[in-house]
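Both complexes shown next keep subunit A, but they swap its partner, so subunit B is in the first and subunit C is in the second.
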Partner chain A sequence: MNEVIKQKLEDIFRLVFELPSDAKVGDIQQIDFDKWDSLSHVSLMSAIENEFGLEVDIAESISLTSFESIELYLSRKVV
Partner chain B sequence: MNAKPTIRVAKLIDGDESALADFYQDAWGASNNSEAVAAARNQFTVGNPFSDDKGRLTVAVFSDEKIIGHLSTIPAQLWDGTRLLTGVWLKGFMVLEAYRDGPIGYMLIKEMAKHLDLSGALVVALPARRLMEAIGFSDVGVLPNYLSIDRPRRFIRSIDASQIEPDSSPSFRKLTLKALKTEPLSSLAGLMMTVALSVCNMANRWLTKGLQTATSLQPPAASEIDGLWTTLRNRIGFASSRDSAYISWRYAPPDGGDYEFITIRDAGQLCGLAIVRGPRREDDPRLGGLRVGLIADLLVDPRHKRAARAALLAARSWCRLRNYDAVLFTISNNVLRSMMPTLGYVPVPGNIHFMLRTGNSGIASPSGLDDSWLTRGDGWGDDI
Partner chain C sequence: MKFLEAHAAIKEFSGGPPLKFLLACSAVTDTLDVFVKAHAASKGLDAQVDTLPFDTLGQFLRAEPPSDEREVFVLFPWNLVRETDWRTGLPAQSSSGESVHQAMAESLRLLSLRRSAGFVYIAAPIPPLLGTEARCSELSDQLLAAARGLGATVLSPANFSLSSYFQTGNAFASHALSDIAEAVVIAAIGQQLAPKKVLVTDFDNTLWAGVVGEDGVDNLAYSAEGAGFPFFVYQSLLRKLKNEGTLLVGVSRNDRDLALAPFDLDEMLLKESDFVTILASYHSKSAQIAQVAEMLNLNLDSFVFVDDNPVELEEVRRALPEVECMQFSADGTMLPSILMSLTQRFGKGAHTEEDAKRTDMYRLRAASIVPSEVSGADLRTFLQSLQMKLTIKERSFGDHTRCLQLINKTNQFNINGDRLAEQELQTILSAGGRLIGATLEETGGSHGEVVACLISVDGTIEAFVMSCRVFQRRLEYAFTAWLASQSDAPTQFRYGPTARNEPVRLFLEQIVGTPAGGLIRFDAKNLATSLAPDLQLFDVAAELGDT
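Up next, the complex of A and B:
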């Protein structure tokens, strides 16, 4: 199940950040990735909500600042 | 385990002063006493001829009771080529560092959009521009900068090109600047620029013979400014209003300001007004200790080229008398821009974007800056 989540999340990252289909995204962090600004963060959260059918609380989304943290978040939220 | 904070966005109300004071201190290192906060809040509304009784529109994002993001407005009046319209400048778009690149900026701009109609902004940062475009702002263009260098050798040796030039600029220019910093090239380049500027000054003084120049801490008579503004606006397609009430409030506040007024007269009639000031800070690392004066605003009929020349020459003389190393002028209008090289002002890369949202105003967003009249004083761009 986690592999499915991971794959979907990778696709979302590539789509939101306009990366090639084979781009490695597992190490992406907000702090050192120029394309991750406020607008792309909102797009990312929106795409995640749509894909996984959940609502990301704003306070929680503030701490979702890397691929890894989002993957962990989804592994808890997605049944 | 700490409880999750409540994140909310709202318009600021009178009871939020304490939270705002803390935010001002966190964001800008400003004093957080209540008088300072009230003064900062009132700065753009009290005496502003374009304020209405609704007060200053400001939105903030709160994490529990702490403000973590802020965006405010300055009431303004905008000219679209045929009529004057009520609008605002966006100002003070700030998110605390720990919360950047997340949802806060978007929350601010989305909330502000509910209350905005015709609005403008002068913006540098790409993330802010992207957010504004997402709610309907157009990026009309980058305001062109021009620099007149009074002390070429000192300027060349002090300027840090890597901090001034945008990353995308050709590396040849950066390499050239780097080479010119060494002797004997810097002395030679300095001498050549000094000679060129002297020739330029002589030619322009001859061209502007007969015009009278004067400098004052106070603006000229209101009727004169209004006359000049009416003439100017009838020649251009877009501008922020520069009538006498605005000029006095903006540049000559009752408690004193940083600005001085250079008037150009033709047979006694006001035909040009340059508003100048010294550097706000002298510790800008990009400038390496250089002191750069500023032409914050200019009113002149673009068809009256002698008046424009005289105003820009006088501004440079004003800076030279104060031992500034250079003077900066930002102007969008293409008629004036075409004159700059012959006045000894060289183009330098700009990074301030003019963003415009027309809302329900009915005006068409300008397709570019050429026909507009925007200077660094607009939207408090001289704070950037």
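Up next, the complex of A and C:
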């Protein structure tokens, strides 16, 4: 994946979940991360749509539940 | 402004006077928060915003208004007529026009009681509430007129997301959050109440289709036909605003005679005499605008700057935050809202004889403006957000049509202005020379092949050109840094000053000091180090070898 895009995704995760600027985020999954609830998921999707100029449809959004899955999604969607 | 940039702006903000207000909206506003804070910070203000719980705007309006709190209402059609809310579904039968108008009248009555409020209206589409398409369209128009009657800043339907509104109650389109937040902050400050005075416009691809320095004055389009139509309409609006008292200023990155050449043909709707002044140089647009403001003795917050180039807009935004910046687009879906936004900022209900003469009065004051050499804003963080991808291509073999075209067409960023015939090129390449091209892509799309560099076997850069469409991106510095990092780096530039290549002189002045014509040493080690930060702005790929 383009390193610039990955770095941006990492920064977005840290900002949305209010984590330190050097926090490791690559292993974060919604299932075992308390801060990732339905409200923060909305904020996360909005931030990703805004930053990368995308529109994530509802079906796609439901499956984007980890850093890894979002990274994979962006590698397909972002030129 | 995007999400990460908004957070960066807040982080860099060292504090300022508070901007306290209640953001009154029936939709969820959480995603707007960071952009509101960032836009307020860009104006030196610390936004302190209260909000309403979801879908309580109706109750709020019926309560006693707070006596001393500034309010900003972000309204949708359903805040004027409840039945137009998508989330309530359609009624069992078509609504009667009378009930709809009664509802609208009551909503307007309540809103007009909020005397210290600012309003932003998002003209979202409405469900087919009434019996026919024509009646629904008429209702949309009436809602829009009602919002304008409140003095609302109107934002286009593109700012609304139905899918998001359904899913989460957040009605704002993600890509529009910055624009909506900016409108909210302006409404909170109250600037929307004061009309603007000076419209500063770019020329290439804003006043006319085309780039006069590359396409030539005879290949521009600005007439009421074909590709020129949007520009003809834009010029007609500027002429109207000028006749009603708006001062027009032209700013162009060009040699002055090139910038004025289209006016000399006397075929355009706008004439040079319609402008208070036209500034054309290779210095930053922010510096030129600041000079105009000083010379005309007008505050920068009365200026609006219009340009098609997001890099130029960002430079002015950063250097002169008081100036409102607006991106021009000839796209048919965007042009109407751009022209309406300009009318909102400059339009007057009535104008006087003095308004019509205002330009002539100010032309005298502006006559002595000399282009400023003050440097512009640091654009690095913005340029990083463009995600620029530079692809270096070996053109010594195979198709080099575009490279040769660039060398023979480019005037401004051209190291010596020398033209090259195919045979001459083949002679240099056969002797061991190299021809290198480079393409540029960024988030807005691809610019295609924009750089050509011909190096002879002894390491002399015989030709180095760059399209003026990609100025301001530090691309010439990055490409030079890439050349310097190669094992077979060039050894010297062949520089020749021409009547048109001032951008090259400025570039060489920055990297090697004041250049004299002739051979200039290419210090690869030094350049690789000093220009490394510019190379880091780009994701670089090299497609070298036989093509």
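Here, the second predicted complex is superposed on the first by the 78 of 79 C-alpha atoms of A that agree within 3 Å, B and C clash if a C-alpha of one lies under 4 Å from a C-alpha of the other, contacts with A are read in each partner's own complex, and residues count from 1 in each chain.
To be clear about the criterion, contacts are C-beta pairs under 8 Å (C-beta built on N, C-alpha and C of every residue); 3 or more make two chains touch, one makes a residue touch a chain.
Since this is a predicted model, take the numbers as computed values, not measurements.
Enquirer: For A:I12, using the defined touch cut-off, is the partner it touches subunit B, subunit C, both, or neither? Pick first, second, both or neither.
Expert: In the superposed model, A:I12 contacts subunit C only, not subunit B.
Enquirer: Who does A:W36 touch here: subunit B (first), subunit C (second), both, or neither?
Expert: first
Enquirer: Looking at A:I62 after the superposition, I want to know if it touches subunit B, subunit C, both of them or none. Which is it: first, second, both, neither?
Expert: So A:I62 only meets subunit B here.
Enquirer: Please name the chain, subunit B or subunit C, that touches the greater number of residues in subunit A.
Expert: It is C that touches the greater number of subunit A residues.
Enquirer: Taking the stated contact definition, name every residue in subunit A that is touched by subunit B in one complex and by subunit C in the other, in rising order.
Expert: Residues 39, 42, 45, 57-58, 61, which sit in both footprints.
Enquirer: Would you mind writing out the residues of subunit C in touch with subunit A in their complex?
Expert: 2-4, 7, 30-31, 161, 163-164, 167-168, 170, 174-175, 177-178, 384, 387, 441, 443, 539
Enquirer: Along subunit A, where are the residues that touch subunit B in the complex?
Expert: 30, 36-39, 41-42, 45, 57-62, 65
Enquirer: State the interface residues of subunit B toward subunit A in the complex, per the touch definition above.
Expert: So the residues of subunit B touching subunit A come out as 4-7, 63, 95, 99-107, 126-127, 130-131, 134.
Enquirer: Which residues, counting only subunit A, touch subunit C once they are in their complex?
Expert: 2-5, 8, 11-12, 15, 39, 42-43, 45-47, 49-51, 53, 55, 57-58, 61, 79
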